[in-house]
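Notes for the one structure printed next.
The chains carry the letters A, B, C and D, assigned in the order they are written, with residues numbered from 1 in each.
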Amino acid sequence: MSSRTLVEAVNDALQVEMERDENVIVMGEDVGRAGGVFRATAGLLDRFGPDRCVDTPLAEAGILGTAVGLAMAGWRPVCEMQYESFSYPCLDQLICHVGRYHWRTNGAMDFPITVRMPTGGGVKAPELHEDSPEAYYVHTPGIKVAIPSNPADAKGLLAAAIRSPDPVVIMEPKVLYRSPRGEVPDGDHVVPLGKARIAREGDDVTLIAYGAMVAVAEQAAEELEASAEVIDIRSLKPLDEEALLASVGKTGRAVIVQEAPRVAGFGAEIAALLAEKAILDLRAPVLRVTGHDVPFPFWSLEDEYIPSAARVLEAVEQVLAY
Amino acid sequence: MSSRTLVEAVNDALQVEMERDENVIVMGEDVGRAGGVFRATAGLLDRFGPDRCVDTPLAEAGILGTAVGLAMAGWRPVCEMQYESFSYPCLDQLICHVGRYHWRTNGAMDFPITVRMPTGGGVKAPELHEDSPEAYYVHTPGIKVAIPSNPADAKGLLAAAIRSPDPVVIMEPKVLYRSPRGEVPDGDHVVPLGKARIAREGDDVTLIAYGAMVAVAEQAAEELEASAEVIDIRSLKPLDEEALLASVGKTGRAVIVQEAPRVAGFGAEIAALLAEKAILDLRAPVLRVTGHDVPFPFWSLEDEYIPSAARVLEAVEQVLAY
Amino acid sequence: MIGDGEALPDGEVEGLTEQDLLELYRALVLLRTYDERSVVYHSQGRIGTYAIFWGHEAMQAGAVLALEPEDWVFPSYRESAIGLLRGMPPETVLSWWRGHPAGWWDPRTYGVASIAVPIATHVPHAVGFAWGKRLRGESACAIAFFGDGATSEGAFHEGANFAAVMSAPVILLCNNNGWAISTPVSKQTKAEALVDKAVGYGMPGVRVDGGDVLAVYEATREAAVRARAGDGPTFIEAVTYRCAPHATADDPSAYIDAERVEAERQNECVGRFERYLRRLGLLGDELASQIAGEAKEALRAGIAAAESLPPPDPGLVTRNAYVE
Amino acid sequence: MIGDGEALPDGEVEGLTEQDLLELYRALVLLRTYDERSVVYHSQGRIGTYAIFWGHEAMQAGAVLALEPEDWVFPSYRESAIGLLRGMPPETVLSWWRGHPAGWWDPRTYGVASIAVPIATHVPHAVGFAWGKRLRGESACAIAFFGDGATSEGAFHEGANFAAVMSAPVILLCNNNGWAISTPVSKQTKAEALVDKAVGYGMPGVRVDGGDVLAVYEATREAAVRARAGDGPTFIEAVTYRCAPHATADDPSAYIDAERVEAERQNECVGRFERYLRRLGLLGDELASQIAGEAKEALRAGIAAAESLPPPDPGLVTRNAYVE
C-alpha cells in the first residue's frame, strides 16, 4: 500500500501494466516528454522508450484510428485524450470501428484498446475543459466504461481496462486528480469491471453516484438525519444491476447524482432500470440530481452547476417525505 | 392536401421553406445535381440555383462547421447527412459549437441550423446504414431533436426546424421514406416542436414510441385485447412531458419502444421521467422494448434486431399482468 | 505519370516473368467476372445493393499483386472483392452483399481488413497497422484503398499525417475515378491533381494510369520497397474513371457524361491488358477462354455456396459486441 | 519568405503612412502590455489559467490591421486579446480568463468570433462565414488564426478544402510557433514547411517571418486583395517561436531549448519594430512612453472594471442554451 493521489495511481497503473505486458503502448498528445498535461504518463518515456510512449500529432481521430491498426498488429494501445471535450473528434472512430470491429470479425479478433481521459468540472478551467460526456460512450455498443471515484479504483479499473480484451473508456475525474490522496495497493491491482462499490451502508435511501459525485453523495449522507446508503457505480457498462437492486430493495428510495446534463444522461438509465426491476420496492419517486441541459458554465459559476450536497439533500428530503 | 410519401413531404417542406425565406440554404453530399441519394432535395438545384442548393465536398464535419459560419453570415443552413452513421464525424462540431454558440454569445446571436438525416433500419442496407443514434443528439445541450413517423409530420417538423432560431436535428426514418403515403397539407405547414401526438386512444396501457416504432406500437395495439394508447413523441427534445404524464396517469402502465441500442438510449429518459413524476400512477414496471446493445446486424437479421409488434405485445402482457 | 492511357504496348516491368503476367491477367479476369456476375445477381435479387467496380480491376490487382503475402490490405466498399486475390472464397464476399454474417471474416486469415463502409475511416487503421508492424521489427507493410472523395475527409488527413510522422510502411492508394457518387472531383478539390496532397504530408507522391495494370504494379512495388527500407509512406493517385453507376441503387443519368463513359469503356483495363498479352504471344484464345471459364466457375460455385448457407442464427443479434 | 528575421530595417510597405506605422506600434504595445499584465494578474490570482502570446504580437497585429473593419476575425485561445484591436475593452477579455460571463461577447459588435478552445474547429467557421458573405455579394472576408499543431486536425483539413472549393474569401493564418504544448513541429508533420500544405488544397501559400509586423501586414493585405477579387483563400504560415510557456499552467523546462528561447527573446517583435520606427525617426522616447502609458492605463482600468463586476447571476446556469 502507498498513499497516492488519483493521478499518481493512474501513473502507477500504467507503469505496472506496461511492465507486465510489453504489448501495452501509451499514446497521445504530450504524453511523452512532458508526461501528460496532468502528469499521468510521467516517467513512461524514460522507462519504456519512445516506441511505447508516443507523443502523437494533434489529432484525436488519428490517435484512436491508428490505435485500431496498432491493435491489429498485436499491440494494446492506451490512448490519452487530453481532456474529455477533446475526445469528441474521436467519437466517429469509436462508434464506427472501435465498438464494432470485434463483432465485425464474428468475434474472431480482439481490440484491446483503452481510452483514458480526464473528465468533469470543478477545476476552474476555460470552456470545454469541464464536460461530462460519459453518456455518449455508454450508449455505444461494444464499448465498456468505468469512472473511478478514488485513487485505488483509478488504478484498479485502469488495470482491468488495459487487461480487458474489449475496448474500455476510463474517465478520470480531474477534480480528484491531486486530492484527496488514498491508500493504493502496490504492484498488481485490478478492480474488475462490472462491480459497484458500497461506499456507505444505510437503510432509508440509496444514493447512487459515480466519479466525483460519490463524494458529494457521501457528504449529503453525512449531513442527513436518516440513514443513507451510497453506491459508487464505478463501472457504468457493464453495470452492477444486482448491487443497485439489492440496495433499493432494502431502502425503497433512490436518488441518482450525475454531473452531466440531465436529459438522456446515464442517470436516466439507472432510473429506467429501477422503474423496470424495482418498481414494487420503490416507495417514492426516483429523483435525479444532475447538471443542467445547458453547456457547463464559465467557471465562476461552476459550483452553481455541479450538483452539491445541498441539492442532493433537497432531493433526499423529498423522497423521504413519501 | 396531397397524398405524399415521407420523402416527398420532406422535399415539399424544403421547397416551401426555401421559397418562403431566401436565407434558407440546403447543403450536403450529392444534394444538388443528384437531388440526394433518397431524392429528398430533388429539384432544389434547378429551382433555387447552385448558391442555395450546394453539393459539398465529402466531409461531414466540414459541412456542419461551415454551416456555423454561414449562420454567422445570416444564412439558415439546412445540412443533409447522407446517412445517420455518417453524421458521426460532425458530432464534434455539434457538441463543441452548434449547441454552444448561442449560449457563448450570452444569447445575443442565433444559430438557426437544421441538420437532417435518414435514420434507422429496415432497408436491407450494408453495415452503418441503419443506425439509430438519436441519443447522442438528444443528450447534447443546445440541440433540439425531432423524429417524424408520417409524411405530414415529416413536413411540419422540418418546417418548424428550419424556422426555429435554435439548432434542430431532424431524423427521418428511411424505412418510411417511400411508403406508406399520407395526406400532407400543401404550402405552409408547421408542426410545433415540443408537442407529442396521440396516435391512438386507449385506457389500459400507454405505448410510447417515435419514428418507425410508432407503426410497430400501433400494430401491437391493434392486436391487443386490452385498450392501448399509443403516443407518438415526435419531438424528443423539447419533450411533451404533459402528454406522457396525462396518458400514464390514465393507464397506469407504460411500455416504451425504441429501435436504438437499449443502454442509455432515449427510452431511458422517458422511463426516468415516469419514475420521477408518475411513480404514484404506475401500477406496473415500465418496460422498454429496444434494439440490443450490439451493433445493428447484417440485414438478413435486421428483423430479429428491430423491435417487432410481437415483442411489444410480450412486454404489454407483462405489464398488464400487474 | 507512369503508364500511358493512349499508346500501347504499356511497356515492360522489370523482373516480371511470363507467369507473373498471366497471374495478373487471371486476377483481372476474376475481379471482372465477380463484378459483372454481381450486377446480374443483384438484378435477380440474389444479392443486395452492390458497389460496382467495373474498370477498377487493374488498379486493384496491380497493387495487391505487387505486395507480399504478409502485407495487409485495407479495402473500401469499392474493393469489396479484393480478398479474392488473397484466396478468399467468393461466397464470403457474396455473403457480405447478401447481408449474411458469413460475409464477416477474420482479417488475419487473408491479411485483408474488413470492408470499410465509412469513407476514409480505414486509412488510419492501415497506418496504425503498418506503424505497429514496424515497431515490432517485422517487414510487413499495409495498403489502404480509398477514393477521390475520401481525400476531403478529416480521417484521410489525420491518417496520412500520422503515416508520414511515424514513417509507417504504408501505401495510400487513392482511386481517383472522377466521381464521389454524383460529385465530380472538380467539386471535391481545387488541387490540380490529388497527388499534390502528398507534398503537404512530406511524403512521395506518384500519379499513375489506373487502367494500366503494369503501371500500378510498378508504382506499388516501388512504394513497398521504400516502405520496407524504412523510408515511410507513399501516396499513389491511380487515375481511373467510374464507367458504371456508383452502386446498383444509383442512377447516374442525371449527372454523368455518357460520351466520356463510352470512351472509357472502350479503353477498359482488362481488355487492354489482354490485347497486350496477345501481342506478346503469351495469351491465345484457348488459354483466354480457360481463364474466363475458371473465373465463371468460381462465381457459379460461389453464389451456389452462398445461397446454400443456412439462414443466420438469430441469436447473433445479441452476441459478439464483447469478448467478455 | 517575405520579411527577414536577421537584417534590419525590415523594409517599407507601400502605401503605409507614418500614422499607419504608429498605429501598428500602438497595437503591438497594447497586445504586449495585455499579455505581460495578464501573466502578473495570474500570479496574483486575479485571473485563471492564461495562454501567453508573448512574441506573437506582430503576427496578430500585422494581420488584423491589414484588414477592413467589415472583415471578421476568428481567433484561437492564443489570440484571446485580439478583440482589443477592434475596440473590445480589456475587461471583456480579462473576464473571459476570470471565468466570468462578462467575457462573452456578441461577435457582430467587433467582427470578432468567440475564442475557439478546441483546436482547429473554428477554421470551418471562418470559411463558412467568408463563403456566406460572398454568396450575399458582400465584400467582407475572414481570417482564422490557428497554430502549427492545428494543421494535424481533420477540422483544419476539411475547412481548408472547403475554402478552396467554394473559393471563400478567407485567410488561413497559421502561427507556426514551433510547438504544440510540448510537441515540436517536427513531430507534427514531415512537411518541410507548413506552407507546403497549401499546394494540396490548390490555394496560394505564403511563408512570412511572423516577428516582422510589416511582412505579416503585407502578406495579409495581398491575401485580402485576392480574396475580395474573388480569387479565393490564401494560406499564410507566420513563422514565430513560443518564447513563453504554453500557458501559465505549463512548465516547459522538460522540453524547451532554453538557449533558443533566449535568442528569440532578444529578437522579439515589439522591440524590433520599435527600433525600426526610431531609426525612421518616427518614434522618440516621449511618444514611446506615452504609448506605453496609454496601454498600461487601459489594462489598469480593464482589470479594475473586471474586478468590480458583480458576481454573475447564478440563474445563468439554466439559461441561454436555447432561444426558445
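Everything below uses one rule, namely that a residue touches a chain if its C-beta (ideal position, glycine included) is under 8 Å from a C-beta of that chain, and two chains touch if they have at least 3 such contacts.
In this text the structure is predicted, and so the values were computed from the model without any measurement.
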item	value
Chain pair showing more contacts of the two, B-C and A-C	A-C
Centroid spacing, where centroids are CA-atom means, of chain B and chain C in whole angstrom	37
Geometric centre distance via CA averages, chain B-chain A, whole Å	30
Distance from the mean Cα position of chain C to that of chain A, given in whole angstrom	41
Interchain centroid distance [CA atoms averaged], chain C/chain D, Å	45
Touching two or more other chains - residues of chain D	101, 104, 117-118, 152-155, 158, 161, 165, 187-189, 319-321
Sites on chain A at which at least two other chains make contact	57, 59, 61-62, 85, 88-89, 92, 96, 99, 103-104, 127-128, 141-142, 292-295
Overall pattern in which the protein chains touch one another (line/ring/star/complete/other)	complete
Of all residues in chain B, those that touch chain A in their complex	85, 88-89, 91-92, 95-96, 99-100, 103-104, 127-128, 133, 135-136, 138-142, 237, 239, 260-261, 263-269, 271-272, 274-277, 279, 282, 284-288, 292-295
Chain C-facing residues of chain A, complex	25, 51, 56-57, 59, 61-62, 64-75, 89, 92-93, 96-97, 99, 101-110, 141-142, 144, 164-166
Chain C residues within the chain D interface of the complex	152-158, 161, 164-165, 167, 187-192, 196-203, 232
In the complex with chain B, residue positions of chain D that touch it	72, 101, 104-108, 113-114, 117-118, 121, 123-133, 135-136, 142, 154-155, 158-159, 161-162, 165-166, 319-324
Interfacial residue positions of chain D with respect to chain A in the complex	48-49, 77, 96-101, 103-104, 115, 117-119, 149-150, 152-155, 180-183, 187-189, 249-250, 254-255, 311-312, 314, 316-321
